[in-house]
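The letters A, B, C, D, E and F name the chains in turn, as written, and every chain counts its residues from 1.
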Amino acid sequence: MEKLLLLWSSSGLAQAEMGQVVMIAVCLLLLYLAINKGFEPLLLLPIGFGGVLANIPGAGLASPVLENAVHFGSAALIDQLNLLAGADNLSGKALLHLLEGLAPADRLLAESYAHAAGFSDGMLYQFYSVAIGSGIAPLVIFMGVGAMTDFGPLLANPKTLILGAAAQFGIFATVLGAVGLSALGLMDFSLADAAAIGIIGGADGPTAIYVSSILAPDLLGAIAVAAYSYMALVPLIQPPIMRALTTVDERKIVMSQLRDVSRREKVLFPIILLVLVALLLPDAAPLLGMFCLGNLMRESGVVDRLSDTAQNALINITTIFLGLSVGAKLVADKFLDVNTLGILALGIVAFSIGTAAGILMAKCLNLFSKQKVNPLIGSAGVSAVPMAARVSNKLGLEADPQNFLLMHAMGPNVAGVIGSAVAAGVMIALVGA
Amino acid sequence: MEKLLLLWSSSGLAQAEMGQVVMIAVCLLLLYLAINKGFEPLLLLPIGFGGVLANIPGAGLASPVLENAVHFGSAALIDQLNLLAGADNLSGKALLHLLEGLAPADRLLAESYAHAAGFSDGMLYQFYSVAIGSGIAPLVIFMGVGAMTDFGPLLANPKTLILGAAAQFGIFATVLGAVGLSALGLMDFSLADAAAIGIIGGADGPTAIYVSSILAPDLLGAIAVAAYSYMALVPLIQPPIMRALTTVDERKIVMSQLRDVSRREKVLFPIILLVLVALLLPDAAPLLGMFCLGNLMRESGVVDRLSDTAQNALINITTIFLGLSVGAKLVADKFLDVNTLGILALGIVAFSIGTAAGILMAKCLNLFSKQKVNPLIGSAGVSAVPMAARVSNKLGLEADPQNFLLMHAMGPNVAGVIGSAVAAGVMIALVGA
Amino acid sequence: MEKLLLLWSSSGLAQAEMGQVVMIAVCLLLLYLAINKGFEPLLLLPIGFGGVLANIPGAGLASPVLENAVHFGSAALIDQLNLLAGADNLSGKALLHLLEGLAPADRLLAESYAHAAGFSDGMLYQFYSVAIGSGIAPLVIFMGVGAMTDFGPLLANPKTLILGAAAQFGIFATVLGAVGLSALGLMDFSLADAAAIGIIGGADGPTAIYVSSILAPDLLGAIAVAAYSYMALVPLIQPPIMRALTTVDERKIVMSQLRDVSRREKVLFPIILLVLVALLLPDAAPLLGMFCLGNLMRESGVVDRLSDTAQNALINITTIFLGLSVGAKLVADKFLDVNTLGILALGIVAFSIGTAAGILMAKCLNLFSKQKVNPLIGSAGVSAVPMAARVSNKLGLEADPQNFLLMHAMGPNVAGVIGSAVAAGVMIALVGA
Amino acid sequence: MFYGMTTVVLFLLLLVLAMRVLAWFVSLSPTQAVKPASTSTLASGASPNEETVAAIAAAVKRYRDRT
Amino acid sequence: MFYGMTTVVLFLLLLVLAMRVLAWFVSLSPTQAVKPASTSTLASGASPNEETVAAIAAAVKRYRDRT
Amino acid sequence: MFYGMTTVVLFLLLLVLAMRVLAWFVSLSPTQAVKPASTSTLASGASPNEETVAAIAAAVKRYRDRT
């Protein structure tokens, strides 16, 4: 009977906290959206699944060894840890906080006690450390995205890069807004938090995860969920803004055929981009460097087997573990917080401003240029490849069933990827310093 | 000449110990069985190969840096390590034991001495740490197995899950037996050892490796070899037991066609299983969580590229390193031990009891149910997917050439995977506590 | 304005040192050779790209956390590190040197200060640690190469193994030369350096990287670049030597058809090789062990899915990170050194001697054997698979348009892979001891 | 161990129950499989419908043929 | 280094010898290739023979067609 | 943040400029694509030309058919 009690007390139901149950429900909702509504399932399915695992009561899958030891350790172990921490009868978060502040040698000792008592780093915590804590997984995904990206439409019409630049305005406006609202006491975000949140407006998952892993790891879960959700919602968010800011005549503008782009241009472009980044924006070098490597592997045509692997096996493996790792951050005490609502609100603001800025910039360009640009492609500058470009194409077809904008919109679309990576580098340089 | 002597003294022959030679022979036998007899070659080939590498005299491929330093270090290094260990003139295992007991900071210092003297962690030791020490590789393989598993036959006939439950009786009976024999002084297994050995009866490689990496790392090599060998021997082990416990009439029972299972059921099943595990059996959450993730990726139909990778590149890569890592545990002083014989004996007992329990449970179900179950499918409950189901099918065809049991046996077969993972979680909860 | 200054001061241009600019130019040249001239692009493209990244001014992508902290840290952090190092007002390399010499516990403390100040290990440094520092990546690539290698031609004509042995003479002659020149004060290489440089003559990339990661990590960048460049230049380097050392009549020698090799021989060969290595040359066990594993997976025919993965996804993934990691060693203070010129010069000497030794050995064999060997296949013994064999074939066709030597040259060609791995083991045993 | 085996059996019986409930629950709605994402309202932009596919194909073709 | 080169050559000569022994050893038995696993007694359950394959195929077909 | 946005825009404008220069530079030489490696002198041994391919194919065939 004693043993049954032991099993029961180790069961999840007995240890469940309200927050964990709510988070599991939230994550099941994410799974529903991913599977039934097609919300960016490649990421949101593993994220939602990881979130369920992270919130299993009593399993501690998302916790480091010391946290597991403090939460589930025997009285004797807790005493030992108290002694080491120079404390007396502390437990829970107070003890954990002390232990985490110890000098490395003492901390290793505390961890060795915990290991000896049978505790270990949770599975998801290990995934997080390797995939995101090191910064590697988003970079590897970016390499794969680079290997999937065709810069042809952008090279054929360099002007569209300006649309990709304009769309980053959403990022900076949102950061300012978040800082302002925090100054007014309405929200509670540091500058680093605000910068990480703003990047949601870049509509680029790996970039958002990379930046928030550096600037605001505690907000990473909410930021990633917001970024991918809004990317999935692009077909709902963008059209009203696009219709409001354009006239029917503008939407009917037919753009001229894109010129031919030689292979030589395509091969040189990632190298030139790399060199410019190297010389001017070293903080964007990891993201854009890996992106350019992927693109160069694609376009050079001499390492097709590497390019194929980067686009398939490697990016898929990384995506699985990246998703689970993001899920590790969907724990109640970090996600069920009023700040998460703030992040969701600011995220959609960033998206909307970015969309609007792209369109307005396109209209602005038209004032100075003979070659008119259909402003509908401006919204594609937020990236969200290739969804935003498809939305541009769809609205163009609504206005004129013969006006295919897809290829034209791919220019600002891929420019948006570069733009938000550049913005990320600038943020890290400004805020991290 | 001096140099030739140096080369000779560094050669394997000069340093070989009897145990290493015997282990190399054992591992070559494993390779023979894998290649020529088709014994689970996907695992036993890398395991056998890793075992040969681990026993190369003088190479220390399976040893951590300190062990290599203590075994092959110069007199000066040994003196330095003695000083650090507070010992005097110790060497070999005595010194190593002291060093491993040092506080982390001192141990790091000892390791830094060893690194400075040119020693390092052996290749297989590194593989073991990353793949098994962390617990990750068996979990990743379980994800791949999940992505390969079709729960259709089980969902069509939920009753067969009970057969998968019954077959786990072999696990628990064996644990009791091992504990009993140890109490009688006939064997020498702790409760944790016994639990890890019992899981062999689950006929599920990654589960057995996962459990023994937590409960009995020293026995891991023997347990993994026993588990995979007996899985390969299922077509020899099971039929006599199946024939002995069933009448010809029972073997001729024709089961009704399985009903259709909708995609919706298949998508919801892994989620429901996950939630039940989360709430009731957190200790089984890593294994069953990853399994359910793989299955959800498969059935959801929205992340086919992830599912493909989990079933191919990722599981293959992991299998190679898992096999080599298991091989790292096939070293003489752990394997050439009377306990290994005990493990082999207990393992086959567990298999046999599990097989019998599944069949008897099927006959028992028939007492209470109108829809008769062919008891031959009960033995498939031990898992060993899909071998055990094929054996059921084969014996069914022997009794009646028109009686195809394969699909019916797949129900208990996949249920056996769930069953032994649940049993693993229960073991870890009971014994690890 | 202040902020713009901050951004400018963090930009690359403001921090660029001459050496970095030169190294970026060198790496762009590597990219040019890889892409436009087909110089071993699978490795030289990622190496060159990694080299550009490693030299981005101010990014510290190839540096460990302490180096980044010392270079870019605030005055307060530098003070803190000075205190810890027991120094006063040191900075730059002097401080770094002290910090790297600290006992592990203090070093961890220093690193924790650096982490707290926002610094971290650079991306390429992380890749290097995991891929090369651990020794794993070259071994995994060797496994893939093993899985791609057909030993049929070698087994059909074992004599050609002697050609593969002779070609290793280049390695040892070069080591002697480097040691001699250093003794004369003309160069400055230690014995370990010389051994690592000599392996360039093995014409085998992963072997060269593996050996130099153990014996001469600082020279790794130059050695890897030299090895792959000369392998790419085999069609230029070898023909003049081959023509000079053979008569037209010798080049016209027609070799008899190769005998059939049974699958059984092909399966047993890697096992026999493994056992011989295990007993006689434990220091070559990692390299040749993984090579034999790959080949056994290929030939056994029972683990095709593992063999396929080893030849594709796994080797491709590893190649990408191996290349980037080698690039991490292409930093100015290690590469822009007169020693690099020495390495390049010695490397081509090693190649040339190896080529000549292979051809002369073939002629020598012809003195004692009735079955004449076409000496053109001797040069293929340097390995550089399959390029050197193709060169033999080409020169054979020049002499006699019906004399196809390709299959005959594959024997010494794959023998050269074994030969240089054996030589690597011998080097490590002799020099590492 | 007795309790262990009991737990395993109870858990699996619960799972049998859950599977029966699931089958009953699924049988309530018409036997359609889960709708493919492309037919849901939201995803109509995400997963292109027939007409978008045609448009994309045409655009790509024109882009490729433009020389 | 001289001893190093000697070792390499000796090892490779030993390997040549081993290959000759191997070729001789293999030539003793009839030149059949290594038997595919499926024909060995043990594995006959593991790797299904013709009749099992047919049975499985039939079972799968009936399972798929059962609606 | 104002400076941040400015930097982004300036950097991207520079990139536009670089792209225009690139396009102009590429247009100087005849519009051939980058030569495939196999046609360069150096790589002619590396990437086999027609005749080598034929030779290899013939050699492989003879090797395979030799029994």
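Everything that follows uses one rule, which is that contacts are C-beta pairs under 8 Å (C-beta built on N, C-alpha and C of every residue); 3 or more make two chains touch, one makes a residue touch a chain.
What you see is a predicted model; the values in this text were computed from it and never measured.
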Exercise for review: Trace the shortest sequence of touching chains from chain C to chain D and report its length in steps.
Suggested key: 2
Review point. From chain F, which chain is the farthest off, judged by mean CA positions?
Key: B
Check your understanding: Can you name the chain that lies farthest from chain C, using the mean of each chain's Cα atoms as its centre?
Key -> D
Check your understanding: Same or different for chain A and chain B, where same means more than half of the interface numbers show up on both copies?
Key -> different
Check your understanding: Centre to centre, by mean C-alpha position, how many angstrom separate chain E and chain F?
Key -> 42
Practice item. Using mean C-alpha positions as chain centres, tell me how far chain A is from chain D in Å, no decimals. Key: 24
Revision key, fill the gap. Chain A to chain C, mean C-alpha position gap in Å, rounds to 37
**Study point:** Of all residues in chain B, the ones touching two or more other chains
**Key:** 3, 7, 35, 38, 41, 105, 108, 260, 267, 280-281, 302, 312-313, 426, 430
Study note, to complete from the structure: Listed in rising order, chain D residues that touch 2 or more other chains are 3-4, 7, 34, 37
Review point. Which residues, counting only chain A, touch chain B once they are in their complex?
Key: 3, 6-7, 10-13, 15-16, 24, 28, 31, 34-35, 38, 41-42, 45-46, 49, 52-53, 55-59, 61, 105, 108-109, 111-112, 118, 120, 123, 126, 312-313, 316-317, 319-320, 324
Point to revise | chain B - residues contacting chain A, complex | key: 103-105, 108, 134-136, 139, 143, 267, 271, 274-275, 277-283, 285-286, 289, 292-293, 296-297, 300, 302-303, 305-306, 308-310, 312-314, 426, 429-430, 432-433
Revision key, fill the gap. Touching chain E in the complex, chain C uses residues 154-155, 158-159, 161-162, 164-165, 168-169, 172, 175-176, 179, 260, 262-265, 267-269, 272-273, 276, 280-281, 301-302, 415, 418-419, 422-423, 426-427, 430
Point to revise | Interfacial residue positions of chain D with respect to chain B in the complex | key: 1-5, 7-9, 11-16, 18-20, 22-23, 26, 31-34, 36-37
